[in-house]
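Just passing along the structure, written as structure tokens.
In this document, chain identifiers A, B, C and D correspond to the written order of the chains, with residue numbering beginning at 1 in each.
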Amino acid sequence: MYPDIVMEHFMHPRNVGKIKNPTSVGEFENEARAKAVFYVVVEDGVVTDIKYQVAGCPFAIAVCSLISEYAKTKRVEELKVFSMDDVKRFFEIPEDKEDCIKLSINAFLNAIIPLT
Amino acid sequence: MYPDIVMEHFMHPRNVGKIKNPTSVGEFENEARAKAVFYVVVEDGVVTDIKYQVAGCPFAIAVCSLISEYAKTKRVEELKVFSMDDVKRFFEIPEDKEDCIKLSINAFLNAIIPLT
Amino acid sequence: MNKVIYLDNAATTPVDRRVLEKMLPFFSEKFANPATKWTSSLSKEVDDYIEEARENIANLLNADVEEIYFTSGGTESDNAAIKGIAWANRDKGSEIISTHIEHEAVLRPLETLARQGFTIKFVPVDSKGFVYPDEVKKLITKHTILISIMHANNEIGSIEAIEEIGKIARENGIYFHTDAVQTVGHVPVDVKAMNIDLLSLSAHKFYGPKGVGALFVRRDTNIAPFMEGGGQERGLRSGTLNSTGIVGLGEAAKIAKAEMAFNEERIRKIRDTLFESIQREIPEVYLNGAEGEKRLSGNLNFVIKGIRSEPLLTTMNERGIVIGGGSACSAGSKEPSHVLRAIAVPDDDLFSGIRMTIGKFNSEDEVMPIVINLKDAVKKLRDLSPFWMKGD
Amino acid sequence: MNKVIYLDNAATTPVDRRVLEKMLPFFSEKFANPATKWTSSLSKEVDDYIEEARENIANLLNADVEEIYFTSGGTESDNAAIKGIAWANRDKGSEIISTHIEHEAVLRPLETLARQGFTIKFVPVDSKGFVYPDEVKKLITKHTILISIMHANNEIGSIEAIEEIGKIARENGIYFHTDAVQTVGHVPVDVKAMNIDLLSLSAHKFYGPKGVGALFVRRDTNIAPFMEGGGQERGLRSGTLNSTGIVGLGEAAKIAKAEMAFNEERIRKIRDTLFESIQREIPEVYLNGAEGEKRLSGNLNFVIKGIRSEPLLTTMNERGIVIGGGSACSAGSKEPSHVLRAIAVPDDDLFSGIRMTIGKFNSEDEVMPIVINLKDAVKKLRDLSPFWMKGD
């Protein structure tokens, strides 16, 4: 089934929710109507708060949670190159779940890139 | 498998063999080279001795044996109408084994009919 | 996970202990090939048990024993029926009538036939998943050679009016095949009364083993063999007979005939209690398909608005509750259900369908834990969802 | 009948106890459908065991796991390979090369393809049942798409030079299928070294269960699915996986890999002792097929002149000795063996062929009772036979 870390984050996702007045919002929806939305607050080029909403499979959800932890206190300049390779450091990605991971990454980058 | 009476006659066929100077010999061979040969000795229109050789399945063999017992001391006139129906009185004939029974009957009739 | 609650009986069922018991001697003792029954008493013995199994199936369907052919399961039966009729009757016509809610084991063969020059006409289904026999009649032309319409749908449980459809087929001299994989062993089937010419069934859907099924083919039906070889099953289905599987299938059929009515009554009660509780406890849930007698008694299929099925099933599984199916959207894998599409479930809800299917080993006691866990999981996933605005 | 002596191991074998042991939990406990492995841990567990079985098969054949597809047996594998390649590659050509000694599971599909416009060319075999690779080469044209030649013959046990045939196929860019139902688990098979593109095997021929087999399909082979439906087995073979059967097949493969060499040595010795004794005790007996290494170690096939096989088998069976096969001449049933015909056994002897096939559960102790009973039965039937003139 799922790698342990995916299961852990899926069952207990961190930083869930919306932010009232975010610096930026990014979303991504695939053809099959899975969707992720990231809300970020950025101060002096640094992510100080981040939340998300997601409707997708456990991979999509876990990756949102992982990204939200990873991004906090990091610089936008550093985050704008976030990619599949960064996720791969956390767990091995099954071939047929690559799109799910991209869903979350794309929503995140859609929030970050306009800030750079 | 086989009806009991077939098995019994197949395992212990009666009147097996050839007769040196028979009154009549009848044989029948099918396209698949199964073959039966009947030898009969007839005195005053009555079968006094009968033997056979047969290469065929247990049904063919058992029916030769049954016929040999049935025919002895019977009149040729009576025997010339021997048919499947007579065999049916001994056991139920499976559809795909009708040809085997006919093989034995035909060999027998080929010995009997010229005598009438 | 201690005691698992299994809610995927439409996908497959555990083998009834009595069925396994019956099968056991056929692995290593009564193992002979029944083909040589004339010369071997070991074979004859196995053959007798196979014929007993055939009789049990025939009894369950009100068919004659010579009309039952053993196969490797529902998929093979469907392939064999549809391709076998099409190939053998091409000179009579090339039109086939079916529906969009058939199982893939019917739809894929139909697509292949379409590529081979056959015309497939699909009868519409209504929003509850029902085919109207009159609509079938409208599609018939003098080129129609086969009507293939399932007895009950595996996703939403709708039971079709196959008796009437069969009558129409018969009146028009057209072969009628029904995929009864979901009904045999659960719902009474009578191939004579229902005018069925070909019927597919699969053992593992009614407490028999996997890898074995049967095809009913009415006497004097003009059909080409699908699996060709040594000529077993009167030439229609070659291959060494799977005697263990067949004996298991026969036993499952015998048990089903005796106990079906009682079981299905119980199952229906559990199902109804379960759905009432779910609707009471969880807002914005609606049923897919029909209520009442024309639905398989074990089948529930509903939309939980605002969430997707896959993470819900995973969450429930973590809590020891196994719910099958669910559509994932990831590469190469599943499309949203073609059945939910056919009954016009809104696009927004296509990935939110949940199927729970109750079987004879479920119990009333399981209802509460299911509902409590479901409520909790739904709340969590809705809180997470960008499609669920209620919490704003 | 007390202890039966079973001499029909080429027809089917008893399930090894260790195989059955391994299968047992999959009937009623680990019964879930492996298709939903992402959302159900029950399914995932079953899926893991199925993949372990796939690995065991791959190991036995020196194949990659992704090249193994589970089927319902040898007949299905043969149908799927031959029809699948033919249908998918029709645009490339319509010629197929095979032999007259193939199993019916190959011959009947080829006949069907011939009716569909394919041309089937048959390589001759010699009087021992061997195909000469050079003869195969001669039949190849630019229209040839498939060569299907069995690894070893089920009646006379001749082991073909498939490594060389495979090489010729490869050099000419033609797919090579081999029916290895009689060799897998008995003779080393290496699909890489032997240049095999497709290979059929069946579990019940090497102490696995009936109703399950596999098809090896080399990666990137252009093949159409035979059994269509839910898309299991990467779309090539649909149908709910027969997990019990597959687990049994995997275990049989694992045991075979470990114990094959030892068993076959023993079997060969029993076989040779048996035939020597038969020849010593019974006059006018001759072997069909080849002596030596190029014959399956368990296979004996010989003519007993002057008698027919069917009554002999029945007599032996009455004495607790099970010998399969035998040709009956009666309506609708068997023709004399097409294999004996192909190796030019004289017409007089076509119905006199006896096949005895030894397996790992036979023992040296059985040789004497077999010979004594055979001698006695032969004498009795020869005394009865109009074709046996020696007694005059």
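Just so it is clear, contacts are C-beta pairs under 8 Å (C-beta built on N, C-alpha and C of every residue); 3 or more make two chains touch, one makes a residue touch a chain.
Since the structure is predicted, the reported quantities are computational estimates derived from the model, not experimental observations.
Following the contact convention of this document, D is the list of chains adjacent to both subunit A and subunit C. Counting C-beta pairs in contact across B-D and across A-D gives the higher total for B-D. Separation between the centroids of subunit C and subunit D, computed from CA atoms only, is 33 Å. Computed from the mean C-alpha positions, the centre of subunit B lies at a distance of 40 Å from the centre of subunit D.
Between subunit B and subunit C, the centres computed from C-alpha atoms are 55 Å apart. Residue positions 38, 41, 310, 314, 328 of subunit C each touch two or more of the other chains.
Shared interface positions of subunit B, i.e. residues touching 2 or more other chains, are given as 2, 57.
Per the contact rule defined earlier, chains pair up in contact as A-C, A-D, B-C, B-D, C-D.
By the touch criterion given at the top, residues 2, 7, 10-11, 13, 16-17, 27, 30-37, 53-59, 61, 95-100 of subunit B touch subunit D in their complex.
Contacts from subunit D toward subunit A in the complex involve residues 37-38, 41, 44. If you check the complex, the residues on subunit C that touch subunit A are 306-308, 310-311, 314-315, 318, 327-333, 336, 347-348, 350-351, 381, 383-387, 392. For subunit A in complex with subunit D, the residues that touch the partner chain are 1-2, 57. Interface residues of subunit D facing subunit C in the complex, by the touch rule stated above, are 1, 4, 6, 8, 11-17, 20, 27-29, 31-33, 35-36, 38-43, 72-76, 78-79, 103-106, 108-109, 111-112, 202, 204, 209-212, 225, 227-231, 238-245, 310, 313-314, 317, 322-326, 328.
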